[in-house]
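Structure incoming, see below.
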Amino acid sequence: MTATTQTLSPSMKRRRRARQRRGALYLALLAIGLVAPFVAYPVFLMKILCFALFACAFNLLLGYAGLLSFGHAAFLATGGYVTGYLLSSHPALTPETGILAGTLASLGLGLVFGALAIRRQGIYFAMVTLALAQMVFFFYIQAPFTGGEDGLHGVPRGQLFGLIDLSSNLAMYYFVFAVFVLGFALIQRTVHSPFGQVLKAIRENEPRAVSLGYNVDAYKLVAFVISAGLAGLAGSTKTVVFQLASLTDAHWHMSGEVILMTLLGGVGTLFGPLVGAGLVVSLQTQLAQSPLGNWVSVILGAIFVICVLSFRSGIVGEIQKIVRKNFK
Amino acid sequence: MTQEFVLETRGLTKEFRGFTAVDDVNLKVREGHIHALIGPNGAGKTTVFNLLTKFLPPTRGEILYRGKPITGMRANDIARLGLVRSFQISAVFAHMTALENVRVALQRRLGTSFHFWKSERSLEPLNDQALALLDQVGLKDYADVLTVEMPYGRKRALEVATTLALDPAVMLLDEPTQGMGAEDVDRIVELIRRVSEGRTVLMVEHNLSVVSRLCDRITVLARGSILAEGDYAAVSTDPRVREAYMGSEAGETEEAGA
Amino acid sequence: MTEAALEYRDLDGAEMLRVRDLHAFYGESHILHGVDFDVRRGELVTLLGRNGAGRSTTLKAIMNMVGHRTGSIVINGNETLAMRPHRIPRLGVGYCPEERGIFSSLDVEENLLLPPTVRSGGMSLDEIYEMFPNLYERRRSQGTRLSGGEQQMLAMARILRTGARLLLLDEITEGLAPVINQALGEVLVKLKERGMTIVLVEQNFRFAAPLADRHFVMEHGRIIEEISAAELPSRREHLNSLLGV
Amino acid sequence: GGTAQAQMSDDAVRIGYLADMSGTYRDLAGPGGLEALNMAVEDFGGEVNGVPIEVFSADDRNSADVGANTVREWIDQRNVDLVAGMVASSVSIAVTKVLEENDGLAIISGSAASSITNEHCTPNHIHWVYDTYPLAHGTAKAVVEQGGDTWFMLTADYAFGHALEGDVTKVVEENGGEVVGGVRHPFPTSDFSSYILQAQGSGADIVGLANAGSDTVNAIKTASQFGLTQTGQQLAGLLIFLNDVHAMGLEATQGLLLTTGWYWDMDEQSREWAERYFERVGRMPTMVQAGVYSSTMHYLNAVEAAGTDEPEVVRAQMGEMPVEDFFSRNGRIREDGRMVHDMYLAQVKSPEESTGEWDLYEIKSTIPAEEAYRPLSESQCDLVNQ
Amino acid sequence: MTMIFGVPLAVFMGQLMLGLINGAFYALLSLGLAVIFGLLKIINFAHGAQYMLGAFAALLGLQYLGINYWLALLLVPLVVGGLGMVIERTILRRIAHLDHLYGLLLTYGLALIFEGTLINFFGVSGASYPVPEALQGGLNLGFMFLPTYRGWVLVAALAVCLGTWFVIERTRLGAYLRAGTENPALMQAFGVNVPQLVTLTYGFGVALAAFAGVLAAPLYPVSPTMGSSLLIVVFAVVVIGGMGSILGAILTGLAMGLVEGLTKVYYPEAANTVIFLVMILVLMLRPAGLFGKEA
C-alpha cells in the first residue's frame, strides 16, 4: 500500500526522530547517574532516586491512566515496613530478598486498594484512596511490627546477593541506581505499549472504550497495581538505604508531597517526576540546614503556587513545549 | 424461532424513578437486516440501546442474542460477543489521532492489550488496516490529525469507522447522521449499506430519507412501547404512525428518497 | 398582539445586528476569517454551510464565547466587541447553543425559569408548556434526564421566556422528529410575528427554506454567498452545489 | 598543648544540636536549648585542646527519620563529634542506632522514655535529665500516699506514654492503690472532652496524665472546663514542664504535684545560672534546657581531661568524672548510659503564693539519685553485666 | 446505674452530646467545602488553614485590638472571607479554566504557606482563647455537666448551616449557583455575571471556615496546625455526604460527629479513622455519597 506509507511517513518520521532524541537523552542521564556519587553526597542522591521512583510510579497512574491517587504513601510505607521488619528480624535474609518481599506486599495492598477504589471516578477515587491510606496509617500505628510512633531502626543493609557489602555508601548507591533504572524502564515501556494505548483511550472516553469491548476496570486495576508495586519498591529500597522505616512515609502529607513532585516536574512526562523529586528533596534537605530552616514548608508552598500559576505543565513539560516549538 | 432472530427482547422494561421510559418491548431483529428504530423524541430509543448493550440494567424482561440470554452480561462482554454500538453524541478519543482511534479498536483482536512489556510498535502492522477503514469513511487525510481538531461531522464518521474496526455481527447505530452535512450523510448511508453485507444493523434515525433508503424493517416506538412494525411502505402509511410521528412530511421524504 | 410587538413593528427595517470583518480564534486555531453580514429588525436569516464551516463559531463569537475576536459586532447600535460576556445578553440577545446546555442540577421547570429576563414581553410559562407539552409532562424531572430531542426543545423554550429580541439559534432541529420540527417551524413564525429578529444556523435546509428572509452561506469561516428568499427558487441549484447536497 | 591537639580527630570539636525546633516540644527544648548549648561553649572558652568548638543545629520535627538522616549526614559530611538535645524518644532511639553503627556519641536531654537506657541502651549515648521511671516513682507514689488510691490513666498512645503508664501502674499497685480504668488517646490530641468525660464516669479519685507537652496542657484545661475537680476528682500530671505550667497559668494548675530533674529557683547556683539564661532568652529555662548546658559542659571537660575527642575514650572519661554542678547533685553516669542524679518532687504554687511570673514551683522533697532511677538489677540493657 | 453495652448511660449520653458538638464543626467546615466545590469545582485544600486563620484572627484581635468575642464572631468571617475573595480574584481565577486538580494543588500550596508562616511566629504548641464571660460555667443536663460554651457552639453552628442551606436550595440566587456550577459559560450567555458569583461564593465558603475558627478558638488550642489535622476528616465528611451536596454536608457532618463519639466510648484507638471506614463503606454502596445525585 504505497498510499499508506505516504500518508504515514510524516508521523512515522516524527516518531522516529523523537525516539532518537529520547535515546540520546537516556545515555546522557545514565552517564550522569554513574559519575554523580563522586560529585555529590551519595546518601542524598539515593534519597532523590528513591523519591524519583516513587514519583514516577505515581505519575504512571495520574499522567497516563488519569487516576489521582491520594493514598500512595500507603504503598511507600508498606514496602518500607515489610522490608525493614524482615531484614531486621531475619538477619540471614539478603537485602534484595527483603526488597522483593516489600515490593510484593505493596503489590498485594495495591490489589486490595484497587479492587475497592477503581470503580470510583475522579475526585471520589482520590478520596477513597486517601481514606484507605488513612486506615493503613492507623493500622501501622497500632501494629506491633512497625514499632508504632518510634518506627523501625537499625535495619541492616547487609550483603547484596550475599556478596556485595552495602554498608559502603558507594556500593549502596549503584544498587539504588540500578533499581531506579529498572523501575523507570518498566514505566517507560508500559506507557508506550499496547496496554498504554488502551489506558490512554480509557482516559479519553471511558464509555466508548467499554463499547469497544475493553474491560476498563481491569485495565485501570493493572495500572494501579503496577504503580503500587513500584511505589513499594521505592519504599523498600529507601528503608535499606536509611536503615529505618517510620510513620512519616505513611502519613497523607507524603501522598501530597509525591503529587507536588510530579506536578513540579510535569504530569504525564517521563522525566518530570525525576526532576520534581530532585528539586523537592534538595530543597527540603538543603533548607533544613540553612537559617531558612523553619521556612521550608512556606517555600515549598510558594513554589507550588508559582508552579501552578506560571508553568503548569511542570518544568519538563515547559521544556518540551519549547523544544517542540523550535525543533519542528 | 430462535436463530433467524439475532437479537430479541422479551418484555423489556426500564423505569426511572417511576417514569417508564421503555415499556414491555418485544423487539425481534432478523439476521442480516438493517432494522430502524424510529419514534418521536423521548420514545425510548436511546434507552433501548443502553439496555441492549448493558449500559443500563433493565428493570424487567430479558435480552436474547442468537437465542441465548445475555441479560446478565457486562457491557464490555456484550461488545465481545459482536454487539457493538455507537453513541448519539459523538464518542471519540479526543487527544488521539484518527488513526490511533481506529487502531485502539483493532488492537483488541491481537490479544496483547494487557501486555505492558511489549512495544507500541507491535501495533504498527495494524496501521494499513486502520487507514483502509478511515478511507472507507473518507477520513484518510485526517489520519494524523488529533480528533479534537476535527469538525463535528467528521467525528461522527470516525466513530462509525471505529465501530467497523471491530467487525461486529450486529451494529447498533444511534443517529449516525445526526448533525451531518448532506454530503457526509450520503457517504454514511452508502457506507452503512456496504458494511451491512453479512451483518445486522439496528439503527436509530430521524432522517427519514435515510431510513427509507436503507432499512428492511422499521419498528416505531412511542412513549416507550412499540407502536407499529413493518417495512417502510407499511409503516409510513400507518395512520397512527403518521399522526404520532411523521406528520405531513412522510410524503415529501418519499419523493426525496426516490 | 402586545404593544411590545407594535413598538417593534414601526421600527421594522432598522438594523439589529451588524458584523464586520469578524475574526475568531480558538487558542491557536484561526476559525473565522472576516465574517461580514447584517440583520434587520424583525428579519429571520439563516447561516448555511457544511460541517465545520464556522456557523456555530459565528454565533459563539457574537456571544463572546470564543477564545479571541477581532473586527466589529454591533448589536442594536452598541459595539460589543469589548463587552464582557454577561453584558451582551442584556442588549436583548438570546442564545440557544448547539450542544443544548441543559442543567442537570436543575429540574426542567427550574431550567425554564433560569435565564434572567432581559426585556419585557417574553412568553409566559403557560404559553411555553402549551407549545411544548412534553416539557410540561416532565417538568419535575432532572434536566439532563430528558431525551436528546426533549432537551433541544427545553433549550429553545428557555430563551423564549427572557423577552430577548434577537435570537441566535444553533441547529435547533438537530435530532428532532419531523412532527417536532413542524411545531418549531410554527413557533419561529409566531416569534417573527412578535417582531423578533432571528439568526438560524441550520443543517436541515428544508426546515429553514420556507421561514427565512435571507440565507447566508458560509465556508471556511467566511460568508461566501447571500441569497434572499425571493431569488431562492432561481438559485436553488447553485445553493445545493454550495452545500454539496 | 600540642600533643593533645595531635590526638584530636581533626581541626575542630563539632557539636550538633538536634531537637524539635518548631513542634509540640519546641518550648521545652528547642531554640532555648540551643542557646544553653552556646552558653556552655562560650563559658568553656570557645575552644578545647587548642581546637575551636563548632556548633550547628537542625530541627527534627519530632520525626525519627528526619532525625536519623540528619545525624547520618552530620557524620558523613561534617564529622560531628557530639550530638546533643533530642526530645521525642522515637527520634532519640533512631539517632542512637545510627551513632552505634558509626561509633559516634550523643547526650540525650529531652526524651522521657526509660527504655532509652534500658532495652535500647548503646555504648554511644547518655541519657541526662530524667526519664519515666522517676516520674512515676516521684509523683505517683506521693499522690497515692496522700490517699489518692484509685486511678484512671489518660495515656498518649505511643511508646513514651505506654512506658509512663506502665511505670505508674506498677508504682500505684506497689503502694496499695488500684488503676480502675484508662484510655489511650492519639498523639497529639487537641480535644480531650470525651476522654475527660470517661474519666468522670470512672469514679476514680485520681486522673493520671501519662502524656506530655500540649497534650497535658489541653487535658488539664478541658478538665477544668468540665468541672472535673468540682466533682471531687484530682489530676496528676506525670510529666509537666515549667513552660507548660507557665502557659496554663497558676489558676488552672495550682496544687499539681510533679517530678522534676531541676528547678531554676531551687538554690543559689541554679538561680545564678538561670538569671544569665533569662538575660539571653527572656524566659526561664526548663530542666531540659538546663540539662543541655550541664551535659555539654561535662562533655567538654571530659574531652579536655582525656586530651582527645575520640568518642570511646571521652565516653569512658565522662563515666570516670562525677557530675556535680548547678544542675546535678550526686550525679554519675552508669554503664547503661543513664546519668543518675537527685530528682525533686514539686508542687505548683497557688496564685497567692506566687511572687512573680516564673515563681511557679515549690520543691516538696528530694528523691536521692540512687533511688530515683531504675536499679541496674532490673536492667535489660546488655551493657550491664549482672 | 443504667448501662448501655457496659457503659454508664451518663457517659454514653455525654459522648453523644460531645459528638454532636464536634459534628457541628464538621458540618460548618464541610458545608463551606461543599459550597466552594460546587461552583469552583475546587477541593479547597486551604480550608483548614482558613479555619485556623479565623481562630488566630480572633486571638490576635483580642490581644492587640481588644476586639471581644462577639465582635470577632462578626468581623473575622468578613475579614478572612475578604482575604478569600482577594485570593480568588488574584490567584484562583487565573486557573479557573484548568483541570480542577490544579485548584486543589494551588490551595494546598496556600495552606502550606499560611501554616508555615504562622508556625514561624507562634510555634505549634498553641495559645488559648478565653471563654467569653457570658458563656462561662456549665449547664447540668442531668446525664452530664455541659460547659455552656459548647452548648452555644452547637446552636450557632446549626443556625448558620440551615440558613446557608435555605439560600442555596430555595432561592433564585441559589439556582444561579447550581447552574453556574455546571455551565458557567452558558450562564454568562444568559446575562449572569459569573465571575462575580464565583468570587462571592469562594468568599462565603471561606467566611464559613473562619466563623468555625472563631467558634473553635475558646475550645481548642489556637495553633497553626489546628486546621490541617481536621481537614482530611472534613474531606471524608463531604464525600460521604456527596460532593457539593449542601444538605448532605450538614447532616453527614452531624452524623459523623455522633459516630466518632460512639467510637470513643467503645474503641477509642479507632476514633480518628472510623469516619474513613464509614466513607469507604458508603462509597461501595452508594458511589455518589449519601445525598449526591448519581451522575
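Some observations on this one:
Read from first to last, the chains carry the letters A, B, C, D and E; within each, the first residue is number 1.
In this section, contacts are C-beta pairs under 8 Å (C-beta built on N, C-alpha and C of every residue); 3 or more make two chains touch, one makes a residue touch a chain.
It should be emphasised that the depicted structure is a prediction, and the values quoted were computed from it without experimental measurement.
Among the remaining chains, those touching chain B and also chain D are A. Greatest Cα centroid separation from chain B: this falls to D.
For chain A, the chain whose average C-alpha position is most distant is C.
For the pair chain D and chain E, the distance between C-alpha centroids works out to 38 Å. Spacing of chain A relative to chain B, judged by their CA centroids, is 42 angstrom. Taking the mean of the C-alpha atoms as each chain's centre, chain A and chain C sit 51 Å apart. For chain E, residues touching at least two other chains, in rising order: 119-120, 269, 272. Across the assembly, chain A contributes residues 294 that each touch 2 or more other chains. Per the contact rule defined earlier, chains pair up in contact as A-B, A-D, A-E, B-C, C-E, D-E. Residues 53, 55, 74-77, 79-80, 84-87, 91-97, 99-100, 103-105, 107-108, 110, 112-120, 122-123, 127-128, 131, 140-141, 143-144, 162, 166 of chain B are the ones that touch chain A when the two sit in their complex. Listing the residues of chain C that touch chain B in their complex gives 29, 50-52, 98-99, 134, 138, 141, 145-150, 152-153, 171, 174-182, 203, 206, 243-245. Only residues 22-24, 26-27, 157, 183-186, 190-191, 193-195, 197-198, 200-201, 213-214, 217-218, 221, 225-227, 231, 247 of chain D touch chain E when the two sit together in their complex. On the chain E side of its complex with chain A, the touching residues are 43, 91, 94-95, 98, 100-102, 105-106, 108-113, 115-117, 119-120, 232, 235-236, 239, 243, 269-270, 272-273, 276-277, 279-280, 283-284, 287-288, 295.
Interface residues of chain D, counted against chain A in their complex, comprise 21-22, 56, 58-59, 63-66, 68-70, 72-73, 76-77, 89-90, 93-94, 97-98, 100-101, 157-159, 186-187.
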